[in-house]
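Next come two complexes, and both contain chain A; in the first it sits with chain B, in the second with chain C.
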Partner chain A sequence: MVTMAIARQTLEDMLRRKILLILLIVGVGMIALGPSVGFLTPRESSAVLRSLGLAVILIAGLLITVISSIQVIPTEIERRTIYTVLSKPVQRYQFVLGKFLGGIMTVFVMIAAMGIVFLGVLFWHEKAFAPDMLKGVVMTFCQMMLLGALTIFFSTFAPPVVNFFLSFGLFVVGNLSTVTESLTSNRNPVTAILAKIVHYSIPNFGNFNMQNKLIHPEIVIKNETVFLTQNIVYAVLYSAVLLVLAILVFDKREV
Partner chain B sequence: MPVALSIQGLTKKYLDVWNKEEITAVDDLTLEVEEGEIFGFLGRNGAGKTTTIKMLLGLIFPTAGTATVLGKPMGDTEAKAQLSYLPENPYFYENMTGWDVLDFYGRLFRMGEPARSRRIEKCLNDVRLDQRAWRRPLRGYSKGMLQRIGIAQALLNDPKLLFLDEPTSGLDPIAHAELRDIIVDVGKQGKTVFLSSHQLPDVELVCSRVAIIHRGKLLTTGPLNELTSGDKVEVRAEAVPGEAAEKIRTLGVQIEQNDGRVRVPAADPEQVNDIIDIVRGHKGTVTAVLPHKRTLEEVFVDTVLKAGGD
Partner chain C sequence: MSAATRTRLLLTIVPLFAAVVLLQARQDPIIREIRGNEKTPLIGLSNEFIMGPMLGLGQAVAGVLWVRADEFFHEGDYDAILPLVRMITWLDPHQLDVYITGAWHLAYNFTDSSERSDRRYLPAAQALLREGFYNNPEVYDIAFELGWQNSDKIKNYYEAEKWFREATKRSTTDDQGRKQPAPMFTWHQVAHSLARQGLIDESIATWRHVLSLTEERLKKAQARKDPQAWSVANVRANELHNLTLTLKRKFSRFTHEIDFVIDGKQTKSVDMQTGRPSPPNCYLATRPGEGVPIGQPRPPALSRPWETAFDARVTFPEPMVMEPRGDFVMGDGARVTIRLHDADWRPTQLKEFTFRVDQTQTIMVDQHSVRNYGWGRKIDMSRDPKMYSFSKPEYFLVFEFDPRGTSPFIQDRTGWCGEGMTDKRYLFVKRQENPKAPPVRLIRKVFRLTRDHVLNGKPVTDADVVPNAEYARIMGEQAL
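Now for the complex of A and B:
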């Protein structure tokens, strides 16, 4: 009850933040205006719309996740609202979990809103439902959940500016997981070891990118169900580990 | 009387990274607060009052020492269910309404409905917050209204122990007096109040016992009437000629003189007979011999100055 109360309060507070609402409106607007762009062929038009929709959801989701997760704990400390919360019968782990869940629920609501508009626009344009695109939206959400957990972990000890560069930097490196994976078998042993460290310690955000596979039907995933399940389990487990670390750090932090 | 708060050797040191020196915010503080008393915790700005409260609530951790709050260790969740805290200049979620913010805090106390709503309504009425403001966002509240929300959230769980940190600072005189009355009402309900303040007239009105802290060190503690009662005596007399007043002055005491009336506010008991003899010898009339009571402000200033305060 306590964790959910904090999550609910965080969600309500986030949904009132103008910057997040602006990002949502811009995202939804770009997806909705997609069909107004002129296209050469119907096939090209569909590919561009799908590509645009998924890219907008990814970028807007990324910004919404980073902004909401970076601020969520430091703002409580800076505004001293944390005093009246932690002086109540609230365990510190409940506070961290509540803040994470509130942030992720915000991201979920926003990605879901953009996803619904995206699927609606595709349905209107193609006169058919495109269930495959839903997989892309779900993968983007999982990617953002993992990023949210990483950002919350950093926010327990790093100031927001440092957190931004750390999280964003790791997100970029983590998206190059195919590159780091290929470097693990490099002839140079130093490069190979470094690549292994990077590849196995940094979250593999690149695993969740299935835009290419969804837009180009010629790219086939061998076992899609396994691929999706693995990615969801990976996101949940990795997030759980990051949250445990965040709780351990926050437990020792003075506020 | 059972003890609500017991502090033993509590110490908090910070490392000043820039100057590479250790700062002692609270220094070996030992103190007990009994259940049901309104306890004044006095000190100048930066004396260590807020740091002490934050340690007791588990918001920060002591460098040394221990304390029990309602019989539990500092920061214990079970104890926190029975206490409350009003921070200095409290900040709340400004987008939430007064009602919603209390509803949120009620959930943190695991209160279910409809008890939660009933309790919120009672607390808002107790702190005399205008009903029209209940459903308005806090960003539109005045400082006095926010302070009332602060007190309301501190009363929400019907606590046994309240930590109030400068609850009346920055308020207009009416709001100030009303909030002081609310604290008195809380005390009458048998709750323990740990009142950190430098509003000494307020403390003098509401507290039964006080402690004075300076640079983290406890200087003195005791019942208010013991601390303010002096070992000096005040002598008042009428129809005292100027010549007699001069003689009294030669005894080395301070004297206030006005149209034949004299007041010697702080005479040593052994000087009293001499003063009376001089007054009678000059056909004057002694009207009163009273024990001289110091104000809390005098006690505070004397204590801090003696400890090397500037």
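Now for the complex of A and C:
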């Protein structure tokens, strides 16, 4: 109950932030303008529209996640409002979990809004509903949930600027998971071992990228349900690991 | 938090993280399959695009680059398109239209000032399409394009047939994203490329097979009251027309008469308007066993093969300006191919796609139409020194008539593979690439030129003529 109350309060606080609303409006506007690049053949035009729509959701989602997660804990400490909260019968782990859930709910609302507009634009452009795109939107949300957990973890010990570069850097490295994966079979055993450590230990954000399949309908994923389920479970489990770590670090922190 | 709770939490991380590693190991093969041959060409991308692939937005960057390439195309800046094509196909190896359009640019749109395409780009065009095919083995589009380029541009009908057959085995997706068999025109091109090789019975058999497939499709479409059934009916009508036409040509070209039979009645004509046998109570055998054409291949026509009396002469009135003239007793509209190439040039296949060509290589191909038994006009290569560098010491200048690719009304005289024509001096018979195909009878005259001929106007005489057998040996053809 306490956790949910903190989450709700965080969500309300986030939704009042102008910067997040501006990002949402820009994202929605860019998705709506997507069909204007329609000088190509129908197949090309559809591929470009789909890839751009998913890209806008990802970029806007990325900024919203980082901005909303990076400051939730440091701001509370800076404004000293954390004392008011922690002086009540609120455990530190409840505080961390509540902040994480509040941030993720914010991201969910924003991504859902952009997803609805994206599906609407696709319906208008292609005269057919494209339910497959929902999978892409869900995968983006899972990616952002993982990134949110990572940012919350860093925010328990690092200042916002350091946190931004750490989170963003790991997001980029995690997106190059195909590179790290290919290096695991490198002939040089040292490189292979290092690549294995990196590949299996950092959050692989590239796992959630299924744009190929969504943009080109002729590509078939043999076990799509397994792929999607494993991705969701991966995001949940990895987020859980990061939150446990965040709780442990925050518990020891002097505030 | 108590020390015990902290320990418990720390211990919880171990199984959670083990599960994460296990999941990652299970996801890797699936991701490898989805990504295919995607590459991240970070070095070639400009600053505004470089972050895209690093954030997992390779496809979006590819889309934006393709929009830019489209703008370059409309501005006529074809050179700028090629590097973009390379980037896009690395970022998103499933953009079929990028492979197809890129290969089309390479094969057709780089031209000299007289609109002759730059043949040096053909191996690159083929390599790009092959790369696209291997990255998208499920769909018919790129295999079809490879077939088309081989048929239309390279005139290698055996290779074309192989790629068209590959296309028939693959699928396409409809508006709802459902898998559908490759369109029927892939089959039509198989039949056409068989006919181009002189494999007429195989071509007819293919048309019959195609017709049966379309009839099945038509029945299904009519049964489910599909509004597209009229389109299938149109396809069927065209296939029937092609089958009828090929049957008609087979009998007219091989026996100089047409006869079909039904109920013991025989017809010696086909209605030119409808393609139907005449009198109308006879019909063509469009299915095996449905009426037996009694005009089985007969001995060749009674008339002697047509003497083409071919000849070719050439002068260089100015440096790099060639003026070929010749005689050819053939109907107006027959086309003589003129090929001038480095003596060491051979048709090649690139292992990997690159759009950089050897700028020192010279190869010029043109075609001149026959009018009143003569042909020839000026060919000015001096305005395009980048395309025709003439940096090698020796060249071959080939004048050739290949009946396989000529118009049907000319083939009515020559036959599919030149069976109906001969030439006292320049007839050259060679084996086709397809071992099952009959030999092809070409008319060919070859000169060996030097830079002195091309640049200084040294007269080209009969002493410079290279025997056809020798040229065939040099080029790796199998003369008969």
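In the analysis below, the second predicted complex is superposed on the first by the 254 of 255 C-alpha atoms of A that agree within 3 Å, B and C clash if a C-alpha of one lies under 4 Å from a C-alpha of the other, contacts with A are read in each partner's own complex, and residues count from 1 in each chain.
The working rule: a contact is a pair of C-beta atoms (placed from the backbone, for glycine too) under 8 Å apart; a residue touches a chain by one contact, two chains touch by 3 or more.
Bear in mind the structure is a predicted one, so any value in this text is a computation, not a measurement.
Counted by residues of chain A touched, the larger count belongs to C, out of chain B and chain C. By the touch criterion defined above, A:F108 reaches neither chain B nor chain C.
Contact with chain B, but none with chain C, is seen for A:T84 once the two complexes are overlaid on the shared chain. When the two complexes are overlaid on their common chain A, residue A:F164 makes contact with neither chain B nor chain C. Touch criterion met: A:N207 reaches chain C, while chain B stays clear of it. Shared-chain residue A:F227: touches chain C; no touch with chain B. In the superposed model, A:E254 lies in contact with chain B only, and not with chain C.
Counting contacts by the rule stated earlier, residues 91 of chain A appear in both its interface with chain B and its interface with chain C. Those residues of chain B that touch chain A in the complex are listed here as 54, 57-61, 77-78, 80-81, 83-85, 87, 89-93, 95-96, 104-105, 107-110, 150, 153, 157, 163. By the touch criterion given at the top, residues 1-2, 5-6, 9, 12-13, 16, 79-81, 83-91, 252, 254-255 of chain A touch chain B in their complex. Residues 37, 39-41, 43-44, 47-48, 51-52, 54-55, 58-59, 62, 91-93, 126, 128, 132, 171-172, 175-179, 181, 199-200, 204-213, 215-223, 226-227, 230-231, 233-234, 237-238, 240-241, 244-245, 247-248, 251 of chain A are the ones touching chain C in the complex. Listing the residues of chain C that touch chain A in their complex gives 1, 6, 9-10, 12-13, 16-17, 19-21, 23-28, 30-36, 38, 40, 52, 54-60, 62-64, 66-67, 70, 92, 94-97, 136, 138-139, 171-173, 175-177, 179.
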